[in-house]
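What follows is a pair of complexes built around chain A, which joins chain B in one and chain C in the other.
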Partner chain A sequence: MSRPPILGRFGHGYVAPAAVLVAVLLYAPFVWTAYLSLTRYDGLESPVWVGLANFVKLFDDDALLTSTRNTLIWVAGTMALPVGLGLLVAVLSYDLKGGAWYRVPFMLPYALSGAGLAMVWSPVLSHDGIANLLLGVDTAFLQEAPANTLAMLAVWTWQQLGVNTLLFVVGLQSIPREPIEAARLDGASGWRLFRHVTWPLMRPLTAVVVGLALVSSLKTFDIVWVLTQGGPGRNSETLAVTMYKETFVASDYGYGSAVAVLLTVVTGLASYLYLRRQVTAT
Partner chain B sequence: MIRRIVLVALGLVWLGPTYLLLVNASRPADTYDPASAWAPSGDFALLENFARAVEGANLAGSLASTALYSVVSPLLGVLAGALAGYVIVVLRLRHGFWWFLLIFGGTVFPSQMLLVPLFVGYSEAGLYDTRLGLILIYTAINAPLGAFVLRNFYAGVAFSIFEAARMDGASTWRVFWRIYLPMSLPALTAVFILEFTFIWNDLVFGLTLTQSEDVRPVMTALAGLMTDVYAGTPVPVGLAAGLVVSLPTVVLFLATQRLFARGLSLGSVQ
Partner chain C sequence: MYRSRVATLGVAALVLAACGGNGAEVSQKKTELTLYNDKGAWTKYFDEMGALSKQRIGLGMKPTGYTDSAQYQAFIKASFRTNVKPDLFTWQTGGMLEEIVKQKQVADTTAVWQEAIKAGDLSQDLVPYYTVGGRQYCVPMNVAYWGMFYNKKIFDEHGLKPPQTWDDLVATAETLKRAGVKAFYHTSVLFSFVWFEQLMAGTDPDLYDRLSTGKAKYTDPGVVQVMERWKQLIDAGYFINPGDKTDPGDVLKTGKAAMVTFGTWFNTSMTTRSMKAGADYDFFVIPNVNPALPKTSMIFESGPLCSLTKAADPEAGMKYLKWWTTSEAQDKWATSRGDVSANPKVTIDDKALGTVTKDAGGGKYRLVNRYFEATPPPVLSAALDGFGKFVTEPGTYMEVLESIQKAADEYWSTHQ
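Let's turn to the complex of A and B:
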């Protein structure tokens, strides 16, 4: 691979469109937001340097505490439900005869997307909605915290389980058969077979699915924004929603940028720790 | 046996809401009653309901704009990415790997880190609430994935193809345009579909960078409609809107499923 470049200087013309787009529209805003997080700025007057004041405020903000708690519920809940339950469905069905048919009900909701999903669930979860009538209860699903976050997590699970199941099934079907057959012959079955043979073999795939879910759940925004806008009050906000509201509702661009930086640091740190664990474990 | 019972039970739980959605989205809007939401309706009014949502919320312009964004931006993004992949791998651009890292690094920023500068910058540059503004940001977000997949793809192509074409007198641009680009069609398609879906479903950039009904992407427009579900929009109309706007991504995916699978596996060849 140490052949000389074929196209010396003009080569940059080929790489320029992508590089310029990325530099101007992704890198520059990133750096600008990092700078703004150290200022007081309302979008009208020029930014005023305030050092770490926004970050100090972060630690003394009840709303931020709530949205951190909700974000953690989203992360833990995503691991347990769409991912965990998805794994269960995959393991139960992957080697069944006609297993694909058992998975159809879980795939259907994946057709709905973004705001469409929330649109569909709103009349189910509303106060005079179908869920209350059906269950014969009178619960304000989207009112009380943290119940509203859990209700939205249930909606999210309904939509996301299928795609996680599908990824796990692909992984399960591609692991070598021999170790499993050998373990069967040695008398392993059921839980023990799964725990000691199947699970270690599907580890690389699990790492990818869990990693993707980790990062995306930390950034949960769409479903919350559409179903509750982070309310009532601010009790169902996630960090991403708080960032949006501080910036574009409260016009506190500096503080909103600080929340964005916090979110970036948390996401980066979580990814780093997770990747490091994956690397040392294998 | 227990496995089948668990799967069927869980499947029924999942089918419940799906059934409710389909039945009530197709119910004539004025006959909706939460108490009898389970009963199927004799009339099929899905399309009427959707038409009513399009009319009521003025979604027609928004749908057309969203279609424009979801087609043009991935095309431009994947082309920019393919060019970068080609020059880095085939033409062996000096410091090519660093150029690649620079481009691919663009994918790691959460969109929250971009919103304020984009909003302020777009306002000053006259790009706020314009179709061009949205196409630009979507293209920038899409280019890194294109570069990633196409770089992998071109790395797996025999170099003798390039040499033979050069021997025949083709310029490097012509080799790209007439040979490498057509050859990578499956990989291009796979990236295109992922990016189409991402843009079609985008909420946050539409929310931040647009205002007027015609420019606003459809998911953002729908989110606005949501607050009206109680203020007059009948439930079946809302349901039909949510269902029908989700269809393009599903149809595209089903129509190109095989090409998509082939493209992704090709993209991962090293």
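Let's turn to the complex of A and C:
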């Protein structure tokens, strides 16, 4: 099939502004970061080529092991709590009379930004904070690992639960009524109805919710940075926090870029493998 | 096909031109300068200085304050590679100043220094902190001497006086502990280095200096002993919880801790909390741990105010720096913040700080460069994290020292 002549003649010109913006704002920084990961660079002097030295260092860095462990906790925790609980709240409240009102309180914290969320919770979780006062205990919520990561995950859940619930409710609403009615006529109800009919029908939306949660948990930064700055002693760092600290705090732009490349590869690979599985399954 | 390629190239050229500016340094006459700084909390005081300079030298100044120092430094470093240059900016002395001077864009202020020293507006003692390769760069934005701020009411209540020796200080902490009062403030975030530098400087300042230049190791016995002493103080229960996020100004005001060690700039925190020097709080010089040292070690810091040769109006920048050092400007700058000044002619109302400044200028103390400026950024970053871990888990001190040394080995292998 031949293209309409007008597009053939001017097509590239029309696309050019967007293509240039994408190239300058997305591809160029990515290529530059990948290049920097192969150099020693302090942000001022010209980068010095060091080959794969920064990537070799990744495997000999205890802090990176800790941040990888914490990032995995964030991924697993995000799947279990904001996503898992979101699904539970959506399913339990969906058929209830006035269910929307049960869901509204979960939605409100979503209005906060990540940094704002952390600012709000900082006086709650700190030593001598509101949580300790209310519970009458003396717990160092943000000091010991991995308890500090779990505490921040709880805060994250408080914010994210509502939006996941909302998305799952939309998924439930989009399911055609016929298969559900047919299953009910056949005697299915409760868990069996959900497990064998509702859940498979929600799969496309679940793929999106889980995919988004996967990516956002892998790049967790703001809440950790504001609440603990990755400490004490780097024990609550995530890969994104390590990337920032190595680059901008330690001025080791080369090593920070290597962490960025690692994070990009992990995020890209995890998203690809997950989405490929979902697409194949559907 | 040819036309479409031309169109593509045309659009790309326009976008790049828009991004890159005109590529030439066009000098323009400015009547107001922008002062970039990482002291967002001081905006009010910078504004007052801007109003005064407008009135006195016809050159206004507007501050742009960052609160995240890493973000701020990245911005300033990036400006060296672009045409977007700050008119004036604050920075740090030590390795950080050397690093940017090497880029050959920081304005040489040797003439300003010579004139100011001749006029008695700057002290010769400060010259080494601002000298790179025999020339001076930037001028002192502020100076600060570090010591102990204490809650006077708590001291009076328990019949305590400022300690004269290290043993006195520990005895004071013990008395407070028995009375159920935490003696000292410390934190696991950012200022986690404070007690390390104080104990190091008061025990072996030469070792501290060698550590800063990579000539000693963090695992050397002298450093290990300092960490053990610090651990003893923590184990004795003299410190508040390092995870406490209460502002140190409030910690001292509310008596959560009776003593807080910081630079004289901490006086600004007292001023903003309406605390009166000599009545609500006071200041003493921390005695040496090692009484055999010939002089009391005092942590000293000075933050530079700089301009760039490739800024939009370099002459205006230099004019401002020159004015900044004068007693007229410094009187306002010091008085409004309740802090000491780099200008020896400026006196402040606070008696204790006034005495310290005078004594320090008279050579009574051994001035020791603050750890933050004395330590190269990658080592500092590892150390801040390490000390943050140590104050939370004091038993890990050897592990912490080894991790800092690892960063130091890596840095000094390429920077000797």
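Some observations on this one:
Note that the second predicted complex is superposed on the first by the 269 of 282 C-alpha atoms of A that agree within 3 Å, B and C clash if a C-alpha of one lies under 4 Å from a C-alpha of the other, contacts with A are read in each partner's own complex, and residues count from 1 in each chain.
Simple rule for what comes next: a contact is a pair of C-beta atoms (placed from the backbone, for glycine too) under 8 Å apart; a residue touches a chain by one contact, two chains touch by 3 or more.
Here the structure is a predicted model, which means the values were calculated and not measured.
When both complexes are overlaid on chain A, chain B and chain C end up clashing with each other. Looking at the shared chain after the overlay, A:261 reaches chain B, while chain C stays out of its contact range. Looking at the superposition, the partner that touches the larger set of chain A residues, chain B or chain C, turns out to be B. In the superposition on chain A, contact is made by A:17 with both chain B and chain C. By the touch criterion stated above, A:221 is placed in contact with chain B alone, chain C being left untouched.
Once chain A of one complex is fitted onto chain A of the other, the partner contacts of A:245 are limited to chain C, with no touch recorded for chain B. Contacts of A:26 after superposition: chain B is touched, whereas chain C is not reached. By the touch criterion defined above, A:43 reaches both chain B and chain C. Touch criterion met: A:92 reaches chain B, while chain C stays clear of it.
By the touch criterion defined above, A:123 reaches both chain B and chain C.
Once the two complexes are overlaid on the shared chain, A:109 sits against chain B while remaining clear of chain C.
One listed stretch of chain C collides with chain B once both complexes sit on chain A; from 81-89, 207-215 or 405-413, that stretch is 81-89. Common to the chain B and chain C interfaces on chain A are residues 11-12, 17, 19, 21, 24, 43, 122-123, 126, 128-129, 244, 247-248.
Every residue of chain B that touches chain A in the complex is listed here, in rising order: 3-4, 6-8, 10-12, 14-15, 17-18, 20-21, 24, 34-35, 37-38, 79-81, 83-84, 86-88, 90-94, 99, 102-103, 105-106, 108-121, 136-137, 139-141, 143-144, 146-147, 172, 176, 197, 200-204, 207-208, 219-220, 222-223, 225-226, 229-230, 235, 238-239, 241-243, 245-247, 249-250. The touching residues of chain C, when paired with chain A in their complex, are 3-5, 7-8, 11-12, 15-16, 19, 70-71, 73-74, 77-78, 80, 99-100, 102-103, 188-190, 192, 241-246, 256, 377-378, 380-382, 385-386, 388-393, 396, 400, 403, 414. Residues 9-13, 16-17, 19-21, 24, 40, 42-45, 62-63, 122-123, 126-129, 140, 142-144, 228-235, 244-252 of chain A touch chain C in their complex. Residues 3-8, 11-12, 14-15, 17-19, 21-30, 32-34, 36, 43, 85, 89, 92-93, 96, 102, 104-106, 108-109, 111-124, 126, 128-130, 133-134, 158, 161, 219, 221-222, 225-227, 240, 243-244, 247-248, 253, 256-257, 259-261, 263-264, 267-268 of chain A are the ones touching chain B in the complex.
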